[in-house]
Amino acid sequence: MTLLTGHGFWNPLLWLAAAAGVTLLALVVWSRGRRDYTRGTDGELPFLSGEKMEGAHVGGGHLYWGFVEGLRPYVERLRALHSGLVNDYVGWLVVILAVVFLIVLVGG
Amino acid sequence: MSVVVRTIARILVPVILAFGGYVILHGHLTPGGGFQGGAVAASAVALLLVAFGAPSLKKLKSPLSVLEDLGGIAFVVLAFLGIGTTFFFNLLAGSGGLFGAASPIGPNAGFLNTGGTVPLMNWAVGFKVLGGLGAVMVLFGLFGGDDDR
Amino acid sequence: MIGNAPFVVCMVLVLLGLWALLFRRNLIKVVIGIKIIENGVNLYLVATGYVRGGIVPIYTYAPPDAAMVLPTPQALTLTSIVIGLATTALMLAFVVVIHRHKKTLDGRKVTELSG
Amino acid sequence: MTLLAILQVVILVLIVAGSILAVWLKDLLASVIALAGSSLLLALQFYLLQAPDVAIAEAGVGAALTTAIFVLAIRKTQRKEEE
Amino acid sequence: MNGLIYAFLAVGAAFNALGAVALIRFPDVYTRIHGATKCTTFGSIFSILAVAVYGIVQGGGAGGTMAVRAFLALVFLLLTNPTGSHALARAAHRSGIKPFRAVVDRLEEAGHGPRTTDHGSQENG
Amino acid sequence: MRRVAEWTTTALLVFALYLVFSAFSGRWGLWAPEELLAGAVIALLVGLATGPLVWKRGGWRLLQPQRWFLFLVYLLGPFLYAMAKANLDVAWRVLTGRINPGIVRFNPDLKTDVGRTLLANSITLTPGTLTMDVDDVTGDFFVHWIHVTDPSPTADAVCGPFPKWARRVAE
Amino acid sequence: MRRWIVLAAFVIVAGCLLLGGARMRPFGAPRFDLMDRYFNAWSQTETAANNVVTAVVFDYRGYDTLGEATVLFTAVIGVALILRRLKR
Amino acid sequence: MNLTAHAPILAVAVPLLGAFALPLWAKLHTSLRDLWLVLVAGVTGALTVLVAVQVYTVGIQVYTLGAAWPLDTLAPGGFPIRIILTVDALSAFLGLITVLVAVVGFSYAWRYLNEDEGKTLALTLGTLLWAGMLGMAFTGDLFNLFVFFEVTSIAACGLVGYRTWASRGPEAAFKTMVMYTVGGLFVLLAIALLYGEYGALNLAYLARQISGSVVDRIALGLLLGGLLMKAGAVPLHMWAPDAYGEAPAQAVILLVANTQISLYALFRVLFTLYGGVADPAIGWLVVSLGTLTLLVAALMAVVQMDLGRLVAFGAVSQIGYMLLGVGVGLTVIAARPAYGLVAIQGGIFHMLNDAVAIGLLFLAVGAVEKAAGNRNLANLGGLGHDLTWTTGFFLLGSLALAGIPPLNGFASKLMIYQSSFLLSPILSALAILASILLLAVFVKAFQGAFLGPRLRKAEPVPVSMLVAMGVLALGVLALGLFPELVVRHLVAPAADALWKGRDLYLQAVLGR
Amino acid sequence: MIVALPFAVAGLAMLGFILVCMVRLGIGPTAADRAVALDTINTLVVATMVLLGAAFNQVVLLDVALVYALLSYVGTLYIARYLERGLS
């Protein structure tokens, strides 16, 4: 079962055992939590700018808004590179070919 | 196209097909072979398309694709024939019979009855290429449907 | 003699086609560029098989005792020509369908899939 | 320079000229015509390189079928390259 | 026989040259078609005849085949060349190219060109 | 029945053509037996495939041998002469640049497709004339004439004896 | 900007390809031709075909030809798929 | 006839024959076509497994086409003239992947494609694509490699353009086709260069001849360019998201396997053909391209709004792991430390894991599209209420792809992390960063598509599609729970074939 | 291997004429002019092929000329048919 990877090893069964232990621990912690939470209150609803909305769904596009916003300079540059123009696709091929030629001819 | 083109096409289509057949048949003796002959014969379909318009070729589409399938199957089966020894083994060469005569060594005038499985494969590929390229031409011609007024 | 001129000319053809692919926006022009590259490569293949003073590698009515050119590149080129025709047909089919949807052949306007 | 070499060089120059025309011309139909001419001369070069098999294939494919497919495609789309 | 071959070759080359020059010098499409088709066809006939004569002189299987092939090429050229030229001329006129300094243009007067009965759909193609 | 006749005649003609293709394959410039056999097979296939295409109404009379003979006579006689004349004419015009072009219309009174085609191709290859179009219904010819002498010429003025020959060969 | 990068890369590629073409063995004098000499010498014996190219295409390298036939078949099927008439 | 000796060629020829006959059967009746397809797939799969068993137990299999005896590789004079199939452990491994993917894909396609939308043609193209991949994997001849490269290219592009009723399908197919064709022409030019120099086309024979001259290097550059493009390494990956996003789901998993076959060809060129003139600079090139692929594709996936395109960028990033793993091995191949072998094992094992996991994801996306009618994450939501099984499968696949233990992605990624850490810690850090990004991506996709209130009624997914997904899900679990067995029995021999099998490969063909 | 020199010289002359036609192909103001140039090049190439076949004194080469003579005008017809439909 044990997969040796040179410096370490990986055994799923051991990991499962550990995971079971952690789950047990979590259950214990959970069972010692607050008892006064009840269903049907505002605590269940998603919090969207303080608005109360029935059946609201945070669409996939809105997830990680802050994260993407933070990375916007990089992401925008990357998106600009994916221009969808077939000439650019071939252009990248030529660029990589040039790099490969330089490495192959000069570097080796 | 005008009557001149149509009449010449009527005359030339059998000529092109016969020449394609000649090129396929003599593939192992003179330049040519399955692809070349098939391409020549497919040009006859192209000629029909340009002279008579695409709608008149609508009923050719299905036979051409069937011809292509059959050609492909025949080619693979011919290759399978050799599997007693190896795939693609030329088991007819020099065996006598159809295309089985041995060719004289060195420059000669060329004898049709030589080549083993090569001429048969030529035929299979020739039909395949005729069917395939003809089907492509017909499909292109028919697409859009408003080619002819 | 002419040295390696045929090889160099083939490379020039390849580069011409590449030029068309890089700087021509029209989709059919792109396909034409690919055809030119293909012509160059085919010519290159056949040129590698040429032997000076060689004759056609066919024994029918051949002069006796003559050197023949190499047959393999010719066989490869045959294959390559048919492959080229197949790719051309398919690409032009795509172009036709794209034009039917977009009513344009300008590559800059066929960029629905980007980002 | 033997005569054969001169022939080859002339044809190579013609091929390159045809290809340049095919890339350069704005009218797609003219471009296709130039491509057909280029492919025609390519077949002649194959012929000179003692490859009649390839020349026949290039003849059947390049002269008739490729031109036909290109022209059909231009017919189904549009002729001018817009700038 | 060599003299004949040389003569044929010279005549053929001369007429082909004429065709090429006509292609450059003439002012519009139709006159160019005139020059190019007639001269190159005629020149090619002579060039090919030279080859046929060469084949016949050589004799034997190879020479005979050469003559037959050359002759066939000639026949095909004679069949196809005028047809192609005719189609091109007709197409040029229909695409709206006016003849250069024409004294009379009956085709234009006839409207959109003459009627063409069938476009093949009735034919068995 | 008509179908069968079409198939067989086409096959026979194709077979004759094939014989020309494969001449000198046997001894003494004759044909090898395998070639004959293979030619028969090809002729049969091509005949079956294209038989109905080749023959149109009234095409049968082209099979009469005297028409073939006439065709050869025409080809080698008046046609070759006219063609040589045409080329000298064009040569002269190329060198001097003296042209007076126009498109004229005339009716040579030919009925069959083959006749019209023959005349059209002859016209295209001969002095200063180029067939532009043929009216299918009336049989009018529209000819680009490089040196117009008469805006409404007769058939003879434009192309000499050709219509007569075309009628003799094909109608 | 991007155009200039592509142009520079194109120039490099052009230089390398032309270098490759120029540095090939001389035109018309192959250095290693064992395989082709074998074909020229033996194809008549082994396949009984006079045309060496056809012998190579259909016998020695028949598998390539099968692949090529497959390419054509694939292209025809592809064109039929792309240019098919949709029923809805 | 000796079946085991002929198995390599039959495994390619049978699907070809099947594909040629498929349209004919369909003209008779569609059920005959399905029966025939099942037959062909079964026979091909069995033959491929047979080849693999032979290779893993006996050794490298060679098959000379058209010779008097299959093992008769050399002509008198000691040089190969015919096309020789050479199947070593890596080829057999890739063959097994294609069998898995193709069988699953066909069973999925049975109900996924509509009969009146060109199902027959799509199935034929699928069969041809499979045959082309097997041909690419099994061949030992450079030009033959190109021919089957083109078979896979054309079949793949035909499948990508399946959705002709929308404009996106043909557009993606055209772009993909242009890239494939240009890449293929570069490969052909490289082959022409090599042929011109050495007058041979056999891989093994050429490998022995190559000396590293300028022309050889330029040919290597051209081969690298073409094959890296087909494999979809950043920045040559641009076609990949378009193609994966637009092709029908059963075709996408074949396309993924196709990129892996191209990677195989790349490794074959680098390790076997140019193994004699190996150069760390090229290894570093592969490593850096792999790292770039990981990061860029994962980052691009984060911002996608289209579910198919999102998963497609995820699939592209997986190519980076394979390139990274094998590139590390290539970099250190001269010194041969132990971690080099582990890296190659990781890279190759990841091929299998990727095929299974990303295949599962794409099939789930296809089910979502069929059920909900669109794939835009802004409009999707709450599908978990109706598509219970699909939801589970999607979750399983995305967790596996993100490398969450104990699923299969983790095992191979662990091997890659460790070995690349030993080469350079930065590489390892970047790879882990990409994994985290992928986890984020798939959480987003899962939340967006499956969680939340029910937005609209979803069509139920047919059982056969669920079964196809279930097979892959079982694969995910099994590969995750028993990675050691797979690595020891399947992956390690394949890695050995790259790591030190070059001499064996040459020996099997050339005899000396 | 040029055997019969006069034919080769004539072929070279034909190539010169093709060059002239290429000029028309380049400058031709309308597409019809270019098509005429292509048609002329076709005829000249056929003549060249026949002449060179005789120059090499190899019968098998003449088949190529035959194919060209038979097929070259199909392309011309397509271009003509396109032009005929006019600028629609």
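Each chain gets a letter, A, B, C, D, E, F, G, H and I, in the order it is written, and its residues are counted from 1.
Methods note: contacts are C-beta pairs under 8 Å (C-beta built on N, C-alpha and C of every residue); 3 or more make two chains touch, one makes a residue touch a chain.
Nothing here was measured: the structure is a model prediction, and the numbers come from that model.
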item: Chain hops separating subunit I from subunit C, counting only touching neighbours; value: 1
item: For subunit H, the least number of touch steps when starting out from subunit C; value: 1
item: Of B-D and B-G, whichever chain pair has more C-beta contact pairs; value: B-G
item: Euclidean distance of C-alpha centroids - subunit B vs subunit H, Å; value: 36
item: Between subunit D and subunit E, centroid-to-centroid distance (C-alpha), Å; value: 20
item: Separation of mean Cα positions, subunit I and subunit G [Å, integer]; value: 26
item: Multi-partner residues of subunit E (at least 2 other chains); value: 21, 33, 37, 41, 61-62, 65, 72, 76, 79-81, 83, 85-87, 90, 116, 123, 125
item: Shared interface positions of subunit D, touching two or more other chains; value: 2, 32, 50-53, 55-57, 60-61, 64-65, 68-69, 72-76
item: Touching two or more other chains - residues of subunit I; value: 18, 31, 35, 37, 42, 56-57, 59-61, 63-64, 66-67, 70-72, 74, 77-85, 87
item: Contacting chain pairs - touch in the sense defined above; value: A-C, A-G, A-H, B-C, B-D, B-E, B-F, B-G, B-H, B-I, C-D, C-E, C-G, C-H, C-I, D-G, D-I, E-F, E-I, G-H
item: Complex contact set, residues of subunit D against subunit C; value: 1-2, 5, 8-9, 12, 15-16, 19-20, 22-23, 28, 31-32, 35, 38-39, 42, 45-46, 49-54, 57-58, 61, 65-66, 69-70, 72-74, 76-78, 81-82
item: Touching residues on subunit B, where the partner in the complex is subunit G; value: 27-35, 65, 68, 71-72, 75-76, 79, 87-88, 90, 93-94, 100-106, 108, 110, 114-118, 121-122, 125, 128-129, 132-133, 135-136, 139-140, 142-143
item: Interfacial residue positions of subunit H with respect to subunit C in the complex; value: 143, 147, 150, 153-154, 157-158, 161, 164, 166-168, 170-175, 177-178, 181-182, 184-185, 188-189, 191-192, 195-196, 199, 201, 241-242, 245-246, 303, 309
item: Footprint of subunit G on subunit C - complex, ascending; value: 1-8, 10-12, 14-15, 18-19, 22, 44, 47-52, 57-60, 68, 70-72, 74-76, 78-79, 82-83, 85-87, 89-90, 93-94, 96-97
item: Subunit G to subunit B touching residues, read off their complex; value: 44-51, 53-55, 57-59, 62-63, 65-66, 68-70, 72-73, 75-76, 79-80, 83
